[in-house]
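Structures are listed in the sections that come next.
Look for chain A in each of the two complexes below; its partner is chain B in the first and chain C in the second.
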Partner chain A sequence: MAQITEHTRDEVQKIVYEFFADECEVDISEISDQTNIIKDLDGDSLMFLELIEIFKKKYNLEIELKTIGKYAVKHPVETIGQLIDMQMLIIEHENHIMDLD
Partner chain B sequence: MSASSSVFVFPAFVRDYRDDKSFNVKGFADHLQLKLALASDLVDPDLSFFHPENQTFLDHELRTQYIAFIYGCSISEILQEQGIFPDLLCGYSMGIYAALVQGEAVSFENGLLLIRHAFQEISYTTMTGRFGMAGIIGLTEPDIKKILKEFPEVEISNQNSAYSFVLSGHQCDLEKTLAIARTEGAFHARMLNVTIPYHSHFLKSAALQFAKFVYSIDVQSLKIPMISVLTQELLHSQEDIKTELVENLYKHFNWHATQQRMLRMGMNRFIECGPGKSLKKNSKFIEGDYQFISLEEAL
Partner chain C sequence: MAGKVVVTGMGIVSSLGLDLETNWTNVVAGQSGIRYITLFDASKSQTRIAGEVPGGFAEHSKQYIKKRAASQMTRVTKMCVVASKDAVRHAGIDFEQMDKTRCSVIMGVVSTGNSSVEIDTTPQNTVFKSMSNSMSAWVSLEYQLTGPNYAVNTACASSAYALAAGFDMIRNHQADIVLVGGADSIINKEEIEGFNALYALSVQNDPPERASKPFSADRDGFVIGEGAGVIILESEESAIRRGAVIYAELAGYGLSSEGYNIMAPMKDGEGMAFTMNKALYSTGLSVHEVDYINAHGTSTELNDRYETLAIKRVFGDHARQIPVSSSKSMLGHTIGAAGTIEGIITTLSLYHGIITPTINLFNPDPDLDLDFVPHVFRKQEIHVALSNSFGFGGHNATIVFRKY
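Moving on to the complex of A and B:
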């Protein structure tokens, strides 16, 4: 399980912002925690999947995609800020994320 | 083979033109207009009204195939005019027709007629039911096969990557399958905007009728190697090509395995010869040391 430090959220936020700026071809200054991923950035589920793969590798996470999918059905994500919060929970709890409910 | 071994990949359909930057490339518009004029004379006069800014024909299954075909042929020609030649050709699903034209196995005109005949035969076969295709992202193949035990008429018609699958079948069965897939943790489980169950057993009788047309036209040996998305083998003879054309309608294909096979063959540059980026986006989930680019990025 990954060690969460005070810098982890900043690190996750930086990765998420840079990822969407690159994927959606927008300036990073246009992205905030309130940005709607679908309406404002035209994001899609493949991007979400790609981002999870990035975090799995970076933090050496042991988590099944379908576990995240089940959690996401119960806790839908619309904004960049919500996505960062979910990534933090995934990093912290991995496959035990469903136990939070 | 050159240091950079290139594959020209031809997509099947057009979903939207928002990612299309082909018109930024000098000469592309002229190539496209010339081919649209030929196609409107031969198969469908309405094709002359096409313009990407209007998102034309996106709800017309046959015309979107024509447009993908015409884009593919135009992009391939521009690339070759600029000195970029393919070491290998690959048609994703119904992208087979543009790939065969670029390999000089069939003429541009016969490519259009192949699309029309295949679509006509398929339409006759499927007119008595409501069919479709669906995409599931986020589950594994065993997860999906477990769901499909309840729906034996639904088939996995293509695997795009380890976690991305396309299904074909009756619309009602697909909708029930998708509902279960969502509860099982699929990130994405949606119907595709097609009413034909491509690459499934439902099209076998259509394929046998289509074979009569395939065997009536002039098919030459390929001048550029082409890989089968059905078997991941190289196509060699005229008979190989004709068989592939017929079986491509009703047999499953595997894009994931095909791209992996091309990587093992030493291919390291994939150029998507179409208006979208769907194959480029999918390639992010297939590991390897390669680039997957568009026409504009290639030049």
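Moving on to the complex of A and C:
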């Protein structure tokens, strides 16, 4: 499992904000934790998967997308803040995320 | 009683331009869009020419499509979206003021062009790039339209079939507005080799702009084009309510399947004639009322011979008085897009009273003795026009447009 530090959430938030700003062609200042990914940014569900791949490499995570997918179905993500929270859980618990339920 | 179905907007992306006005100016002027292929190294191919959409398209499309969506589209799908958005703008439609449940999209699609010339295809986007329904889906998504959206594939007649389907959808009160179109490109090494193996393509590479020569004695096959054409079909009632400009009426159509051969048309144009007759029957028009035919006119030996025979068979003595021209002489064969691109040219011919020419007819085939409007456009009022599309597999379509 990845080592979570006090800076990890800031790091994840920065990556997520920059990812959406770049992919959705919006100024990063327009993004907040309350931003709705689909309604406000015209985003899509694939972005979630792409971010998981990014974090998988960055933190050397052992995760299966199927597991994450099952968790995401039970815990739908709509806002940037919710997405960051879920990424934090994935980083912290990897495939054991399902045990949280 | 079923109301009329009218054309209120159009958009084209082709080798002759990235917008409707440029395309129309160029086809009236008899310009050729055929050049040496640049999309891949064709130096070892038998056919080294095609009607490629100008290189500036990639940059042009960025004004229309966001980066995220663009990364999931092929170049051809982008052409479809650009032509669709131009057509919507041309029609002056604000979908926020419309009942979106009554707005639909039907696209004629043979393939989306996710071929060896496509760049940036990854495992993550290859499915979206390849889905044949992706063009209609993206257009529907763009405006959040919730009427039916789907794709039609009948080879080179695909978007003509889409026009017929859109017509029916409005006549059957299933929709008020249907974005009907097609987009295609088979300019890639594999498909050119495949069509060369069938002796279907011209190999008269020099000079490129002279190769597509429908109805000529020295024609030797079609020249591949690419692009997109989108027509806004609308109920007359909706168009009048919006105060829209009406460019023509789509009066009816004839569709048929030849049940004969996967490639060759029925001998002497029997199936083509049946289709044109069926189209006239559907509209109640007589042969004497038709005053222009936008031919399928591919520049292949069989098509041009049989289409000419079919026109004579249907129109008898009147055939020689009908101007018949081939847009493919200028654009090449845009395959799935041809039906709507040529439908647009036919519509604008009715609207402006201008018949576009058949270029490269320097050496007419003596057996093909109709008025093919050689070389230069003709100013002539027309009231009823047919647009023919015939596809591999025996898919035939004739669309009837009438001056409004």
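We take it that the second predicted complex is superposed on the first by the 101 of 101 C-alpha atoms of A that agree within 3 Å, B and C clash if a C-alpha of one lies under 4 Å from a C-alpha of the other, contacts with A are read in each partner's own complex, and residues count from 1 in each chain.
Keep this in mind: a contact is a pair of C-beta atoms (placed from the backbone, for glycine too) under 8 Å apart; a residue touches a chain by one contact, two chains touch by 3 or more.
Just so it is clear, the model here is predicted, and its values are computed rather than measured.
When the shared chain is aligned, no partner comes close enough to touch A:V77: not chain B, not chain C. When the two structures are aligned on the shared chain, A:G43 is found in touch with chain C, with no touch to chain B. In the superposition on chain A, A:I15 makes contact with neither chain B nor chain C.
By the touch criterion defined above, A:L89 reaches neither chain B nor chain C.
In the superposition on chain A, A:C24 makes contact with chain C only, not with chain B. Put simply, more of the residues of chain A are touched by B, taking chain B and chain C as the two choices. By the touch criterion defined above, A:T67 lies against chain B but remains apart from chain C after alignment on the C-alpha atoms of chain A. Across the superposed pair, chain B and chain C both touch chain A at residues 42, 44, 46, 49-50.
Residues 66-68, 72, 124 of chain C are the ones touching chain A in the complex. For chain A in complex with chain C, the residues that touch the partner chain are 23-25, 42-44, 46-47, 49-50.
Interface of chain A with chain B (complex): residues 42, 44-46, 48-50, 53, 64-70, 72-73. Listing the residues of chain B that touch chain A in their complex gives 18, 137-140, 143, 163-164, 182-188, 281-282, 284-285.
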